[in-house]
Structures are given as C-alpha cells and as structure tokens.
Amino acid sequence: MADLPSISVEDVERHSKPESCWLVVNTQVWDLTEFAPNHPGGPEVIYRYAGHDATTEYTAIHVPSLLLDTLTSTKLVGKLETGIDIPEQWYITSTNNSKDSRPKPPLETLINSHDFERAASRDFSPKAWAYYSSAATDLITLDANKSFLDRIWFRPRVLRNVRNVDLRTRILGSTDLVLPFFVSPAAMARLAHPEGERAIAAACSTKSVAQCVSTNASFPLKEIAKDTKHPIFFQLYVDNSRDKSEALLRACHEVGVKAIFVTVDTPMAGKREADERVRTNQSISTPMSGVTAKNDGKGGGLARTMGNFIDMSLNWDDLKWLRSVTHLPIILKGIQSAADAQRAMQHDVQGIMISNHGARNLDTSPPSILVLLELHKCCPKIFDTLEVYLDSGIRRGTDILKALCLGATAVGIGRPFLYSLNYGREGVEHLIEILSDELVTAMRMLGVTELSQLHPGLVNTLEIDDAVPGTVGHPYAKWRRVLQAKV
Amino acid sequence: MADLPSISVEDVERHSKPESCWLVVNTQVWDLTEFAPNHPGGPEVIYRYAGHDATTEYTAIHVPSLLLDTLTSTKLVGKLETGIDIPEQWYITSTNNSKDSRPKPPLETLINSHDFERAASRDFSPKAWAYYSSAATDLITLDANKSFLDRIWFRPRVLRNVRNVDLRTRILGSTDLVLPFFVSPAAMARLAHPEGERAIAAACSTKSVAQCVSTNASFPLKEIAKDTKHPIFFQLYVDNSRDKSEALLRACHEVGVKAIFVTVDTPMAGKREADERVRTNQSISTPMSGVTAKNDGKGGGLARTMGNFIDMSLNWDDLKWLRSVTHLPIILKGIQSAADAQRAMQHDVQGIMISNHGARNLDTSPPSILVLLELHKCCPKIFDTLEVYLDSGIRRGTDILKALCLGATAVGIGRPFLYSLNYGREGVEHLIEILSDELVTAMRMLGVTELSQLHPGLVNTLEIDDAVPGTVGHPYAKWRRVLQAKV
Amino acid sequence: MADLPSISVEDVERHSKPESCWLVVNTQVWDLTEFAPNHPGGPEVIYRYAGHDATTEYTAIHVPSLLLDTLTSTKLVGKLETGIDIPEQWYITSTNNSKDSRPKPPLETLINSHDFERAASRDFSPKAWAYYSSAATDLITLDANKSFLDRIWFRPRVLRNVRNVDLRTRILGSTDLVLPFFVSPAAMARLAHPEGERAIAAACSTKSVAQCVSTNASFPLKEIAKDTKHPIFFQLYVDNSRDKSEALLRACHEVGVKAIFVTVDTPMAGKREADERVRTNQSISTPMSGVTAKNDGKGGGLARTMGNFIDMSLNWDDLKWLRSVTHLPIILKGIQSAADAQRAMQHDVQGIMISNHGARNLDTSPPSILVLLELHKCCPKIFDTLEVYLDSGIRRGTDILKALCLGATAVGIGRPFLYSLNYGREGVEHLIEILSDELVTAMRMLGVTELSQLHPGLVNTLEIDDAVPGTVGHPYAKWRRVLQAKV
Amino acid sequence: MADLPSISVEDVERHSKPESCWLVVNTQVWDLTEFAPNHPGGPEVIYRYAGHDATTEYTAIHVPSLLLDTLTSTKLVGKLETGIDIPEQWYITSTNNSKDSRPKPPLETLINSHDFERAASRDFSPKAWAYYSSAATDLITLDANKSFLDRIWFRPRVLRNVRNVDLRTRILGSTDLVLPFFVSPAAMARLAHPEGERAIAAACSTKSVAQCVSTNASFPLKEIAKDTKHPIFFQLYVDNSRDKSEALLRACHEVGVKAIFVTVDTPMAGKREADERVRTNQSISTPMSGVTAKNDGKGGGLARTMGNFIDMSLNWDDLKWLRSVTHLPIILKGIQSAADAQRAMQHDVQGIMISNHGARNLDTSPPSILVLLELHKCCPKIFDTLEVYLDSGIRRGTDILKALCLGATAVGIGRPFLYSLNYGREGVEHLIEILSDELVTAMRMLGVTELSQLHPGLVNTLEIDDAVPGTVGHPYAKWRRVLQAKV
C-alpha cells in the first residue's frame, strides 16, 4: 500500500458519475465503475458516494476485507492525499444513523437483559432495530414465548446446603459447557456493531460460553473462530446449491465446529412487518451465504430478500445427504411438534432444538416451552434418545432454569446477545455475567446446586398444562378422510 | 343531451324554494319540485341544495343512473351554461366530508388488513366509518371473533418440500375457486367509494376471487356483474314481499350467480351504537332492496332504518318456497349453533355459513370459530353432508388457514374489503394479494402445500376447547319443564 | 300562611347566631334556635345559614314537608318580605354543587345505561356520585358482576318467526309484570333529583314497570305511591326496634305494596371507600327509617352513618316474627350461597333475591350470576319451590335475558335508574325504553318471543362454569373439626 | 457530658481532613480519624462530613447509642460551643432526602393499606422506597401474591346474629393474640422513621398486636422490647458464626420472646432490581446482625450487601443445633412446597410459615395462598400437627380472612407496616385499626363471629384450584433417572 499513488480530493471528485466512479474507503481510492452495476445491493448506493468518501457507510455494512476480496487490486487506484482539508460536503450523513444522539447509558447500569433491549431500541439504527426486534405479523407468539414461561411456578425446596453451585454440563458426548446456555444463531451481527459476530466470539471465548454461528453471519466463519477457545456450533441453512452448503461444512470441519444446527423451520422468511416498514437503501452482504440483504421495492424487509438461497424443498430425505457430508453431531433446529420429534428419532441425528425462530416465522406457532411439555406428554422417550435444546423467549436465569428442569440439555439465547453488542465485546461479557448470576441465584433459591438435580418436579406447569396437546396424531382422523375425498 | 337548453347560474338560483326547486348534478339541471316530497331520504336534503349544484353530495350517495331511472326525462330541464364562473357560495360543504385532510398513505405502504382499517378510520366520512366499523352494543363478540382465533396454536410440521403451494379448491360441486376466501356481502359499498361494489367486482375479476353481493348493494346486480368473470354469490334478505325476492333471484339467474347465501340471522338489525351516534342528514339508496337508509330521529342508525323490508317471520318452512324459486345452491348464512346446523341437514340446502354478522347483531353471540368447533363436537356428520363456510373476524392468512384446518370449505372476509375500497379497485387487489401471500407463507410454515392436506391435527385448540358446548340439547331440560308450567 | 307576619331581610340577618338562629326556606322564616342542637345532621350546617336563605341547600337534601313535620308551626315565625332586593351575600354556594358547569347532554343522545352513568358522573354532586357509584374496597365484585355476565355466550337459534315479542310475566301468584325487570331499591334518591323516588314512581307508573322502594327512601312510601298504578315492592331493613319495622309494614299494606324484599345481607354497611373519601357537611334525612346520613368524623361515609338502626342480630328465627306481621309475599334479598337458598326453602318465604348489594358490602363476594349457577348445580329444586330474583350488575338487555334463561323470575336494576334521575322522570322513562328495546332485540336475535321459551340451553356458561361450587357443604369437613378442637 | 470541653465551630472546621477528622453529632464532637478507615459503610461518607455537623445523616441511619458503643469515650473530644451562629455551609443536604417536598397527607385521610403505600412512595427517600418496595426481577410473584387472593370468592352466609365479633385466638399453646395477624419481620425500619422498630413496638403494645423482630432490625432487641407488653417473636437468620446466633437467642430468652421464626428461604438475597438501581453512599448498620448494608460498586443493592453473614449451608440437620440452644417454639419461615411441609413434620418444630419473602427472593416462586392450598391437597395432616402461618401479599381484612378460612393460624403483614412508619407510631396504630375494622366487617358479612367458625367451605377457590399441584413427588420420576444417567 505504501507505493500507491497519492490522489487529491479534486481528483476523486472528478470521478463522481456512473461512467467513471471512484470512492474513498479508509483513505483508499477505489474505481468501482465496472463493479457498480454488479453490486449485490444495487448500484444506486455506490453512485450516491461517487467522487466522495464512503467509509462510514461501507464500514457499517461490510467487513474491511470485502473490497479486496471482491475486486482485483487493479481497482485500487491510489491513496487519498494526506495533510489536506477534506471538504465538508464529503461527509454525507448515513441514512442509517442512530435514532437518539444522547450518549448510551453506562454499561454497569444495565442489570438485566431487558435493559439491553431498551438501550438497543434507542441506540441502534432504525433498520437494525427493526430487523432484530421484529417478529411474525401480530406478535402473538413473540409474547407467548415469554408469557408461557412466566406462568410456570417454581416449587422451591429449602434448608439445603447451597453454598457451592456448579453449572457445568457435558453435551453431545464430549463437549463440555461451563454454562448451560449458548448464543443462538442470528444473521448479520454487524448491523449492531462493526465487530459483529467477532465481538461475540471474543466475549464467549473469555467466558467459555458456546456460540452458534449463523450461515448469514457478517463475517466468514474462519474470521469469527480465529483466536478463540470456546465451543462453536454452526447453524446451517441448506442452500439450493448443495455445493455451497458442503463448502460451508468443510469450513466447519476446519475450524473445529462442535455441532451442526440445521434449520428446518424456514423454507422462507416469515412476515416480519416492523422489518418491512423501515425503508432503507442500505444493503448488507453476508460472506458465507454470499447473499446481500436489502429492502425490495415491495417492502419485503431484509429477511425476505436474504432468504432466497434457502432450499424450500428441504425434507427428511435430505438428512441422508447431510450425514454423508459431515461427521459432526446434527441438531434439527426448529422442531415444533411431538410428531416431528418422533420422526427425528428415526433418523441419524443427535439432537433437536425446539424453536419457533424467535417468533419470527409463523405467528401463533406454539411457544417453545409448550412444545417441550408436549414432548413429555406425547413422546417422553426422546429425552433418553436425543438431546433436546430450546430457544425463543429465554430472557432470565429463571427461564433457563425452567427449561432445564423440563429436560432441555441447554438453551439458546438470541436477541439479548445482539442487543448486548450495542456495547461490543464488553456488552456481551456483561450479559453473560448477568445471566450466569441470575441462574446461580435461582438455583440456590430452588434448593439445587448441580444441573443433575433438576427435574420436572421442581416446577409447577399446571397453568399451561391445559394447552399441551396429548396426542401426536389427529383427533379428527375420520373427519379428515371424508374431507379429502370430497375436495 | 346535446339539445338540452343551456341554463344560466342566475336561472338556477331562481328555483331555490320548495315550490320551485331545481338542482344541478353533473352539469344537468333537474326540476325536483314534484319529486322532493317523495324522496326516500326526506325532502330536506334536496331543499338544502335547491338552486345550487349538488353534484358532490349526490355522487357520494347515489349511482349516476338513478336520477334518470327515478324521474322521467321531462324533469331534466337543461344543461348548465358553460364557460361561466360558478359563484363560490355554490360550493356547499358536505356534512359528510372526510375526517382528515391529509393525503392518504401510499397504497404500497399498507402491508396488512389492519393497515387498511387504520387508513379507513382516517379517510372515510364519519358516517361511513361508523356504519362499517360499528358492532353490537359492548363489542364483546367483535373482539372475541379475533381473540378466539388468536388463541389457536398451530402445530407446524417441518422438513417437507413446500416449494409449490396450490390454493385451488372446488366448491358446490362445480365452482372452482383460485383462493379459498371470498368477499363477504356488505351493504352500501358506495359509502366507501363511488364505484362501490363495482370496484370490488373489477378487482375480484382480475384476481379470480369470488364475491358475495348484498341485497343492499349500492348498485344493481347486473351493473356489478357486468364484464366480470369471477364467481359471484348473492346474499338474500328475504323481503316481506316475496315477489321482490323472486325478482332478485331471477336477476341472479340471469347474471350467472353461483349460489344464494340466504341470511337467517337478521330478523332486524342489531344495536350498533357507533352507527347510531353519528347523526347525518345523508340518505343512501340501495337499488336492489329499494330502500333508503338514513338516521331516524331516534338515533336508529343506518342499519336499523334499512332493514324494515326484511321478513321477521322467516322460518324453516320458508325454505321450501326458496327452493321452489331457485335452482341454485342455497347456503344458510348466520348459523350459530349445532342445533341449527343439524336442522339444516334435514332441509334441501347445500351449505351453511357460520356467521355472527360480523358481531353486528347480538352481542355475546358466540365467536364464529367457536361454533365451528361446536359442530365438530356435536354434529361432525355435517362436514360429510353440507359445505360449511365461515366469516366474522378473519383478518389474516393464519386466520383463514385455521378455519380451513377445522373444516371450513372457504371463508368470507367483509370489513377489510370495505376498508380497502378507500383505494378503489387497486386497494381491493392489493388486499387480495396480501391475504393470498399471508396464506401461502403460513401454509409453507405449517408444512402443507394443498388444501386437501389440511386437518384439525394441525391446530391446537385446547385453549378454547373448554368453551365449546358438548351437547346440542338442553342440559337442564327437567328444570325447563317446571319453569314453563309455573309461568 | 297568608296571615304570617312579613319579615324584612334586616330582621332575618339579626338572628344569625346560635343563641338566636333564623333561616329562610322557600320564603318561610323559621326559628331553629332550639332545634339546631338536635339536628340529626349536626348543628353546624344550620348555623352556617343562620340569618340567611337556606333554600337551595335545604331543597337538595330534605323533602319540602319535613320542616313542618319536624317542628311545630310555632317555629314558623313569618314570611320574607316580598318585593325587596335580596342582598347578594345571601346566596351561599352549596358545598355540594355540580362538578361540571356545562349543560347536560340532551337526553335523546343517551342510548344505553353506560351513557347515563357517564352523564351522572359529570352532573351529580361529588357526594351523590360517590355515594351511588362506590362499592366495597377494591371493587373486585363490582367488576365481576358485569364481567361474569359478559363471559356467557348466547346459543342463538335462527329461522324462527320472531315478529311478535311478548315480555309479560306473572309473578308471586297474582302480580302481572309488563317487563321482566324492576327498579331495585336504593337509598336517598333525592341526592340525584329533587323528586327522587317520586320521579321514579311516576315513570314506572307510565311504563307499568315495578319499583322496589327502599326503607331509606327520601320520601315516605305514601308520597311515592301517590297517584301511581304500577306494582310497588318494599325493601325492608329490619329495625333494632321492631315497632318501627311493623309501622313501615302497616304503611306497605295501606298503599297496596305487592311484596316485601327483606334485606338479609347487610348487618352493617360495607366499606365503600369512594364514599368515605368525599367529605361534606351535607346531611340527608330519610323519613321512613328516620335516620340522617352524614359523613362521620372518621370518614365513615354516608352509608355507614345511615345503617345504625339495622338489627345486626337478625337471623332465621326472626322470619317467624316477620310472617306474623305481614301477609305479603316475602322475598329474602341478599342470598349468596346455595346453602342459604336451601335453608330459605324450609321457611315460609315466597322467593329469594340473589344479590351482593351491588357489590357494596363485601368485596370478593360472588358475582350474582355465579350464585344463580350454583343453585342449578347444588339445589335445582329451588326453581320449583321459590321464585328467584337477581340484581347486581345488570346493565343491558342481554344481561336481563341471560339471567332469565338461567331461571330468574325477574331482575332488579339499581344504579342505572339512579343515574337516569339526572334527567328526572323523563330520564327514567327513557332508560326503561332503552332496556326494553334491548331486551326485545336480543330475544329476536336469540330466536325466542316469549319468556316461557327461555331455558339454560340458550346460553353457554362454560367459561364461568369452572368457578361454580358443586357442593353446598364443606369440602374439608374433617380438617375443620380438628382445627376447632385445637383452637 | 457536662465536663466535656467546649469546642468552637472554627476548631471543628480545622479537623476536616482524613489525617485529622472530627465530626459533630448531636452537639458532641467526635474524633473519627482512627475509626474512619474501619467504618463498615466505608470512610468516604465520614470524610464528607469531616469538620462539619453530621447529625442529620447520622440520625437517619444509626441508633443514637451506636457511636458510644462502637468507639471508646476517649474519641469524644468535646461539646460544640453553644450560643453561636452555626455557619450555613455546615448544613449539608443529605443525598437521601425525600422525593417530594409537599406535606404528607393527614393521617386520618388514609383509609386502607394501599393509601399508606402511596404516601410512602412519595414521602420516603428514594433508597428507602426502593429497598422496601422492591421484589425479585420481573415482579411476577409480587403481583400474584395479591391477585391469587383476589381470585378467591367468599361464600357468605346470611341471617346470622353477628352483633358480637371476637377475633381472639391462642397460638403455640400459650400465647394469646387479640388479633389474628402480626407484624412480619423486616430489616432496617429506621430507613422509614428514626424510631423504626421501636415505634412499631410501641404501637403493637398499645394495640396488643404481636410483632416479629428481624435479625436485621435497626435497634437491638432489648431496645425494641423495652416497656412493651405485646407478644414478640424473633426472626432468625442463622449466622455463619453459630456463636452470634446463639447470642441473639440468649437475648430472645431474656426479653421474653414467644417464638423463633427461623428463615429457611434465604441462602442469599434475591435480585431486587429497583433496590439495585438506586445508588446511594448511605450505609445502614444493623446492631444485631452486626452488618452494615450499602450499595456495592456493582449495584448489588442494600439487601445483597447485608446478607453475607447468613449461612448458605443451613439445612435440615441444623435444626437439631437450633433446638439445642433454645426452648422456644420454632417456626420454619419460608416453606413453599408440600414436600418441605411434610419434612417439617418430621422435625421438632412447632410450626411453619408459608412465605415467599414478600416476593423478594425468587421470581415465579408460588404465591403464598397457592402453597396453603397445596398443603390441603397434598398433606392435610399438617394442620393437625403444626401451626401454619402465612405472609406475603396480605393487604386487606378480606385477605386475612381468606387465609384463616383456609387453615392459617395467623398471618404476617410486612410492607404495609413499614409504610405506616411514615407516620411513626400513630401510623402503625392507625393501620392496625384499619385492618382490624376490615376484618370485623368482612366476618360479619360472611356470617361468622369467631375464628373457630372459619373453614374452607366459606371460600370458593375454584378459580385457582387448577394451579394447585396434587402430588408432593415428581411426576416424571422415570425421566429424571435417565437424564441423570446421561449427563
């Protein structure tokens, strides 16, 4: 880079048209004339910065290495002349700026996951906030994920020595967890912080907490895993092109991923209306899935435009292919019925993850804890056969403890960790400490000191038991046959 | 019209008294001196415009052809002189103007049926909004129609190939529907848009969606059906004068109506208090039923004044007459109990429609989905015998899907389509697209691709099952007898 | 009165001290020097008007005849000189004036009982509003009285000839009611309107609606019943002095009262906190019970200070005495359990009235409709044996209809009629018309035309059935015995 | 004290540095140079007042005798010169001042316990309000403690002689209670009023109401009990150092304590977030437990910093030790399950107290009344064996009555009495009168006059019965074993 020609502000400004389009990023001057029409996020956003500095906008969306990875170095035409006054008009306000100019509340004043949510709603860009916080249509499942947990009472036992609490557990045969919760996969963490998934990884590494990385992460897996020592899982969206998925799995094997969480509940993105309502000309690239998310003209939201590569035809038969291309434990992420849990037991998978995708896919899909109870009622054998994970709605140490009492091996936590990225790595670490402390406190109050002491007898689920289906099959089988005959 | 005499503004203004009363409508000058006392909406509103231009008010209420249909052409005294300045005082503000002068939100920003409702509440005249949105007394059933649907959880199945979704269904033996929902009948769509039911018809024709036309439509059936190719049903209020009903049925036969939905739940209009509270001197004519709705002095609301022609003595015996005068499939619209569903099976009808009239008739009448469950519990045989339709409270693709899982052949949607008329034909089309997209999304998330795959096992109704009556008869039969003896 | 001496303003003003205290009421000048210390409402309020005109305050509280009835005519010292200027300072603003100086909404704009409540909350004096609207402590039963009714669904029957609806019923062997509801007894209607219970009587007479007059009415029974032809019941608080109660019963016999509703649920007034919070120096006399209500120093509220004459020791044995002094049908008003309903069957009474005193006595006492269901579950025989009335929470025609379907002979309506007094006799008549119209509409929608057609099969009570006790006795009888032994 | 040297303001001001630090408290001048670094609340607060008068701050936190008890009298260097002008700058505003400068509402306008809560929320310092009102995390149990009581209906009996009501009961064999409720133990009543627990004791003594004194009381037990004649219980937190606990028990024996309520539900303080959010440099000493509460740097709240002396290893085996060091009746305070109630029956204790620590420890721990019902369902024998007390959520006379009907011997009331301290001793007495009056009223309305007449048949608990666990053991015992094997 030292021998790049020095280019003046005036020179750059001369290339402000589609026919000759230069942009400055981090003092490097790039010629994007050829590339712009092929920009996954559309050429408009590039033309908007033509002849100007685009560092702020670029950094908010792309990993630093992307320009060089995407273009040949011949497009790097020079380095911006230093020691000069940058004209004021170069500073173009991003469309994506924060909603609130007040400084963030000090991190130590945040004492629970709700605080992180509140802060994020203030500090994030409208688009980031909408993308993360939104859920399917009328938000009924979003609310139920939490309210069903809140209607479970503990049955605390007292007068037990609870001085020493041990939260360790071994999963999947050989992976040791220091804490029985992990970071659930979520797309595009760079929307929240420039370091995105890397900041999460750094915090998890420090705290020895497991992290499940999304196919739609903002960084390549290798960058996320670099210099970390915590257990990493990989969330897989199976690509229409199996080759791409296999390449991702190879990357998983290389970085020592511990398990594959294959998403089975998302043939397409759900209708997340808050996400659709926030218009933006911002586009976001995801290096692993290779797609770029942006709002389409029809208000499709980031999620919808990003999901096109996902194979809508994915079905049980495809699990054979998956097993053939990875030796890692496979967890089916997104099971929502005892019927499918039973079916999972007939396949070569090592676990299921009860999830309604954070209530983002199908509104009035059942709250996660209800499905966990359905398993106890309809196919309790699964707890002897597979490991059962759960996410969607976990916000408190008490929530974690309830799921564990009811047989979950460990739980995933999604949005709260994205919100904690508001404070970067320190935020993630602080949230881990909070949840860990809440869990220890709750266990002591419940009279238990090890995860092996947990069992359903320590919770009273009667207030939601009436909503638990008691049969896997179809209560109106006879009626169904007739209907099918008629139509 | 070319040879009509040209009349000056001054000439018109000379006839501004009851004894000589001219009005201008669409540049035509009419002598309404004789007609005014017989105006179904009362003479006052005519006298108010005497000697002035009444185009705006007239157009908001009447079909253009009505003046000529009602009066002989001898009352058309001339054409307003052109090329002159219309005096400013001619512009009389309608009492019926929009509540909000801001421009409507752009149609593409409306992404669900609730958005249409919100926009209509702002853009409609107070009277139109009150008439459409109002429901019986304390609005308990209005709320329950939706909340009972919201308390049904899906039981989604995953890992199924859901690439291709097919929403087609055949009903009533030979009518093919492209989508399993249709426009429920509602009176006086011109309150919402000058093109009223015709705009709905045009949109339905484009989208191949079925439409059920009300006896109280603002246009004659023939005008609505003109140049359309979608399935049309006809909603029949049986008239005190059977002759009039038979004439309507003949019109149905002529335009190729596919089925008669005879309303059985409305011996009189319910007490819709919002409707009664909005006073107006506006009157609305309905060409088919031949009545004119206006607020009576006692706050009766539009609905109450319009329903006087409906036969309060209509009963099961009358179905023989109805069958004798039409060969079309008959659907009993407004069934609200298993007892009446059972009784319907003993008559020559082809279907029933569960409905509480959009919660407009009897407050605390049961939410529609509850009655559908009652049929499963008390007379499941009906699903083999008759087609079962349902309306009242359907607002989302998920709502449609739940009703279909529980055995509905198709569902009707009322108010949302009236609200979509805020944007005319384009609004109706946009709403159809939204609902269709929501339904497809929900089906994929549920793991189904054809309507024939739907069955009750895909929904969890436990949270409302406790409210479903288990018996058609009277649990306190013995007590009843004694009471009757005593009184 | 013609020969009363004429007294000047100056003369009156000279007697403005306790030692010589004159007041002007309706131009009559009274010497209250001796009486003031014995004034049931305390002497202060009298001294406040000493030497002044007290007409406004007096009229708001007392019946016109009270002064003459209470004092001998020797205390009437003269007549205020006419044709003179009354000094402005004579007009003392009452502490009890209306909360809102805006004119009342026109009567015809009130279309349901809630409208009357809203208007009364604006127009009544703070004290009157507090006294009428208040209920026991946390208002839980107040809310439940209505919400339990709202959770009952109708099971409407359609296709029945409902042209002619007949609401007549015969009760207590020989009393014919035109409408199956009546005005429930309530104390001190003069707080709402100078004509108080007389205005109610006049309206009831016009509309042939029954009225139950309270022991604490603001007028003597004879004045209320004068010139009326509607059925009158009498609500009896049994006095510590049986003589007084017997005198009241003799008055009942004289004016042709049809039944005695003896209150059994009020050994003392409940804790009605809104009533206690509004301080006032206003006192209110009740001519029949002979007591005067005013706030005591300790915030006891009007109700508490008024109830001291009621016999706290009243018990089942006293019914023999009651029967011995009246031949009229006896209804036990305030039954709240099947146990007491069963006990009532063993006594010589003709009916019971389920009531929680409008939720004014014991908070979390059961909502009335719940007790009615308890009777069906625990002692259905009562419906063959006694007549069962009900009040507390009836606000709509649908509420009336539900109670009648569940076996009530007729229902009482209290607060709404007090609120309707805001408009005097016309208000009461208007409310009767509204309730009657709502009831007719609801019956038609339910598919019934006579009260004899009503039965429990027309309502779905499943949403509240779980709260209905199934046994009269004590589920933990064994436990009870042990406890009693221990204490 | 008379012979203490007189010290001038100027002299005091010279000692305003850590190296020489004098403070004035109640005109006494103390040299705290040596003590400050050892101050349990940290030296900063002392240095803040160095060379100044600290009377206000000291008095708000410490008992008057503490300085002399803690320091030797040699540190008392003199007496502030009298008759001089105190410089204005000496008056340092406490960080702990009241939130609202308006005068308190007059005591007689407070008519229920909610009024006391509202007044306290206005008048208390933010820290005091936060400490008392806060509860665990999302406040679900806090709300449920009351709402579950509110969902219990009475089954009132009428027509009983209820003139004379007797609330007396004998507990623990020989202690007579005039009223069946007592003041539940709560820490640091001086936060609310300088007289703290002594004011409560004075009021209880006047009213003959029992009081349970906390280990963390702001005064030594002896000071609280001095000159009183009411029954006193002692709440014991078992200290890591058993010696300290034994010393406390000896003090109990000396002052004639009637029973030991040993807390079994608090191995550590719960996460009370409101408490943690209010930062303060105020520290509070508790003479009996010897600890000082202050916010730690990490937002631990007063409660967390205060609980460090409590033995986290306390378990059933320790009850033997407890019995060996006291002859007094032992009540296990904090039982929350039938399983532990059963276990209590196997130990030499005289009673249990159902409590969730005022919802302050574990959120979604069961509401107290639910646990009481669980005992009836799972181990009714306990009512014959032990006395059962209950606190957490009692706010009304009706609440007390419900708990008594369901078998509680007596109930404890905590926060309301702390709030009543807003008015000192008079406030406590007023609250006792209110609760007593509410209880008498409710009993009359229920048709009972003595506590021995109470039994579960007088309440209808059906609305919460579905939430009562029916088994002590583990419904999924089999599943549990498998899980343990796997992990």
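Note that the chains take the letters A, B, C and D in the order they are written out, and that residue 1 is the start of every chain.
Definition applied: a residue touches a chain if its C-beta (ideal position, glycine included) is under 8 Å from a C-beta of that chain, and two chains touch if they have at least 3 such contacts.
What you see is a predicted model; the values in this text were computed from it and never measured.
Asker: What shortest step count links chain A and chain C in the network of chain contacts?
Answerer: So the least number of steps between the two chains is 2.
Asker: Going by the stated contact rule, which chains contact chain B and chain C alike?
Answerer: none
Asker: Just grab the chain with the largest centre-to-centre distance to chain C, centres being mean Cα coordinates.
Answerer: For chain C, the chain whose C-alpha mean is farthest off is A.
Asker: What's the call on chain C versus chain D, same or different interface residues, using the half cut on shared numbers?
Answerer: Different residues, largely: of all residue numbers at this interface, under half are found in both copies.
Asker: Using mean C-alpha positions as chain centres, tell me how far chain B is from chain D in Å, no decimals.
Answerer: Spacing between the chain centres: roughly 64 Å.
Asker: How far is the middle of chain A from the middle of chain B, if each middle is the mean of its Cα atoms, in Å?
Answerer: Here chain A and chain B have centroids separated by 45 Å.
Asker: Using the touch rule from the top of the page, what residues of chain A touch 2 or more other chains?
Answerer: Answer for chain A, listing residues that touch two or more other chains: 466.
Asker: Considering only the defined contacts, which chain D positions touch chain A in the complex?
Answerer: So the residues of chain D touching chain A come out as 137-138, 140, 264-265, 267-268, 270-271, 273, 276-277, 298-299, 312-316, 318-319, 332, 334-337, 339-340, 343, 361-366, 370, 466-469, 473-480, 482-484, 486-487.
Asker: Looking at the complex, which residues from chain A come into contact with chain D?
Answerer: 108-109, 111-112, 150, 152-163, 169-170, 376, 380, 383-384, 396, 398, 407, 437-438, 441-442, 444-446, 451-452, 455-457, 460, 462-463, 466
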